[in-house]
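By written order: A, B, C and D. Residues from 1 in each chain.
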Amino acid sequence: MSATAELRRTVAELHRELTRYELVSWTAGNVSARVPDHELMVIKPSGVSYDELGPHAMVVTDLHGTLVEGELAPSSDTAAHAYVYRHMPHVGGVVHTHSPYATAWAARGEPIPCVLTMIADEFGGEIPVGPFALIGDDSIGRGIVETLSASRSPAVLMRNHGPFTVGATARAAVKAAVLLEDVARTVHFARQLGQPDVIEQQHVDRLYERYQNVYGQ
Amino acid sequence: MSATAELRRTVAELHRELTRYELVSWTAGNVSARVPDHELMVIKPSGVSYDELGPHAMVVTDLHGTLVEGELAPSSDTAAHAYVYRHMPHVGGVVHTHSPYATAWAARGEPIPCVLTMIADEFGGEIPVGPFALIGDDSIGRGIVETLSASRSPAVLMRNHGPFTVGATARAAVKAAVLLEDVARTVHFARQLGQPDVIEQQHVDRLYERYQNVYGQ
Amino acid sequence: MSATAELRRTVAELHRELTRYELVSWTAGNVSARVPDHELMVIKPSGVSYDELGPHAMVVTDLHGTLVEGELAPSSDTAAHAYVYRHMPHVGGVVHTHSPYATAWAARGEPIPCVLTMIADEFGGEIPVGPFALIGDDSIGRGIVETLSASRSPAVLMRNHGPFTVGATARAAVKAAVLLEDVARTVHFARQLGQPDVIEQQHVDRLYERYQNVYGQ
Amino acid sequence: MSATAELRRTVAELHRELTRYELVSWTAGNVSARVPDHELMVIKPSGVSYDELGPHAMVVTDLHGTLVEGELAPSSDTAAHAYVYRHMPHVGGVVHTHSPYATAWAARGEPIPCVLTMIADEFGGEIPVGPFALIGDDSIGRGIVETLSASRSPAVLMRNHGPFTVGATARAAVKAAVLLEDVARTVHFARQLGQPDVIEQQHVDRLYERYQNVYGQ
């Protein structure tokens, strides 16, 4: 199944961005990628150190989380990733972390207001909060999908838990996770000493439009 | 005494996690491990730079802190570690740091409330505060043991001092120290701008049960 | 066009200071340098990873942002940099980041008061706020130039956006960006627990005078 | 003058601790060491990047700051270091930084209360504030010496400026600078969410006594 060989490498490498930006501690956090044209995904194994996350440690499951390829048990968040892939066909990558500033907003159940041009650019408006949900069934996946479906944001703050982000590719989902923590932190700082102004909706729309279409190569 | 050779290496390597996660400054902080089937422990020497903490720098003491093997004086916290091993037979590793967020809760004498799924998973409820105790006799060890015995938490916040964590192995105790600082920080951030909701006890119980039995390989 | 070869290398290397001091996330942020004696500038390409920013990735544009040399599209902030070079002939380098503490002051639209000798030394007084401006025309460049022209500060906090800094060279502009985040952070901390005293104007003037003329080699 | 060769190397290496613990930005901050049995000191040159601070970059001055050895201009803080060596004969090393948490207390002119055992151990009580003083004459040196002479603390928080620390050796002064920032940060965090209890004087005395005489090898 050589379609997954390249993707294992990509997903393994993307996990390094989680440690580089200090979005994760110990073995928490995970990245997955949909295998194009297959009902499969590549995901991190459960409870394995980031130092040992080479391509061979990655596992492949079907879109109900059943192990298809690999020797390790998949991430305990596999069911949530799988639910997202089943219900959001345009999503090619999913990331979950407990990055500290984003998780602090999640713990308070407070959306991050759109007070920075970077939030308008990447998230298209305020970053929404998803419900409290226990692990073990489809509750987390359903909470993610319902919240993201009502928003332009690729990130959702799951209450008392932490953020999930999505993207057209695993790399785009990791980018969203990195920028989420960045803006969660900056708005936290801003709010500690005052109340920043929310950017007007028409300006948010123009910024979002431009960034989605013009930025990058 | 070859039973300790492997353990010296393990304990030496685990100290690198303390610097990697910035839980310690200068020479503060220490990891120890019980030597299985012996009344002995391996522990860091006192006041030695983290750059010089190879396996040979580690020292072996009995469970009253008397030096048995090694050329350096043991950590000044050896008595506290030894007390824990004498009174908690299931504990195989002990870690002490002054990690900044956990120590801030300790300075206020305030337990960390269970407002995150990660706290329910790893600590099984709120993270308790232990008494103020002076170094030099069994006061610190007794404070740790009494506080941990009344809780599911592997971590205790010693008042005006800093955290101690325990585990079945030294690695598990280090994991608890890393995740403690992570949640101490996130809840600190959450509390700076509001009051996060405490997770219901029945949900805490289900999360704790699952994580202790299902997570990892 | 060998005048730009050396400058490409310098600008590429200066981008490493942005990551070293954690002033940028993912591909955000950019450094540019005026090409001496030419109506040209060297600038970072748009949306390229910091890991891939070698000298050959840099692009050269004229002072209206039109690509002259290089294979990649220039930074989406090129128009703002170009506006600064057209209107501030003594400026040889421009830097833009979303460094978190400086951006938090920008989000509140609050200047950083001159409460530290380092602020007097490097910025010559309080660090001013520029207007909210949308990307896409000269609004950002005009806001930067108007604000800096009314101040001794080489840094401006663009409202709801982030800082821009300038200098006689690109290196000086990077230094201003690094020290800006440093003082933005320290004054943030100071203000969280009280109200630091502003340094008297006569002392600010003496410190600024001395630092600009005596410091360094 | 081979007495200084070894000391240049030591002082150069100690500067790496300032960057390792993020106590300094750009070229700010400096370490010096008294040359034993000579009226000389080794100090960092002014405005040189930390990447270029090898032994050969260090300069030697007399205890009035006049250059004796080396090709670069000495640190602009040389007069303050020299004043300390002239007036505190037991001091063998001096460190100056603008480390952010310590400088925040300095900006407010507020001493750091003794609410942690680590503060009692290393600083022997609250960490005092020194006067606001301009660079250019003996004002800073005099402020340091007068404040430290009235305290057991090896650290002083110079108002609106930043910390200076001293020690029997340059290494001890660097240790004090590292632990100062550590406790300045932890007490900052503790104070953000409440009011930690100050440790009783008799306990502070016992902790200080023990740490100064028993800790280390």
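Here, a residue touches a chain if its C-beta (ideal position, glycine included) is under 8 Å from a C-beta of that chain, and two chains touch if they have at least 3 such contacts.
Source: prediction; values computed, not measured.
Subunit C maps onto subunit D through a rotation of 90 degrees [Cα fit, steps of 5, range 0 to 180]. Two copies of one chain, subunit B and subunit D, touch each other, and the residues they use overlap weakly: the shared fraction of interface numbers falls below half. Ranked by how far their CA centres sit from the centre of subunit D, the chains are topped by A.
Here the spacing of subunit A and subunit B, counted between their Cα centres, is 31 Å. Between the Cα centres of subunit B and subunit C there is a gap of 44 Å.
Among the residues of subunit D, those in touch with two or more other chains are 192.
Chains touching one another form the pairs A-B, A-C, B-D, C-D. Residues 25-28, 45-48, 72-73, 76, 98, 100-101, 103-105, 107-110, 132, 134-136, 160-162, 188, 191-192 of subunit D touch subunit C in their complex.
On the subunit B side of its complex with subunit A, the touching residues are 21, 115-118, 175, 178-179, 181-182, 185-187, 189-190, 192-197, 199, 203, 206-207, 210, 214-217.
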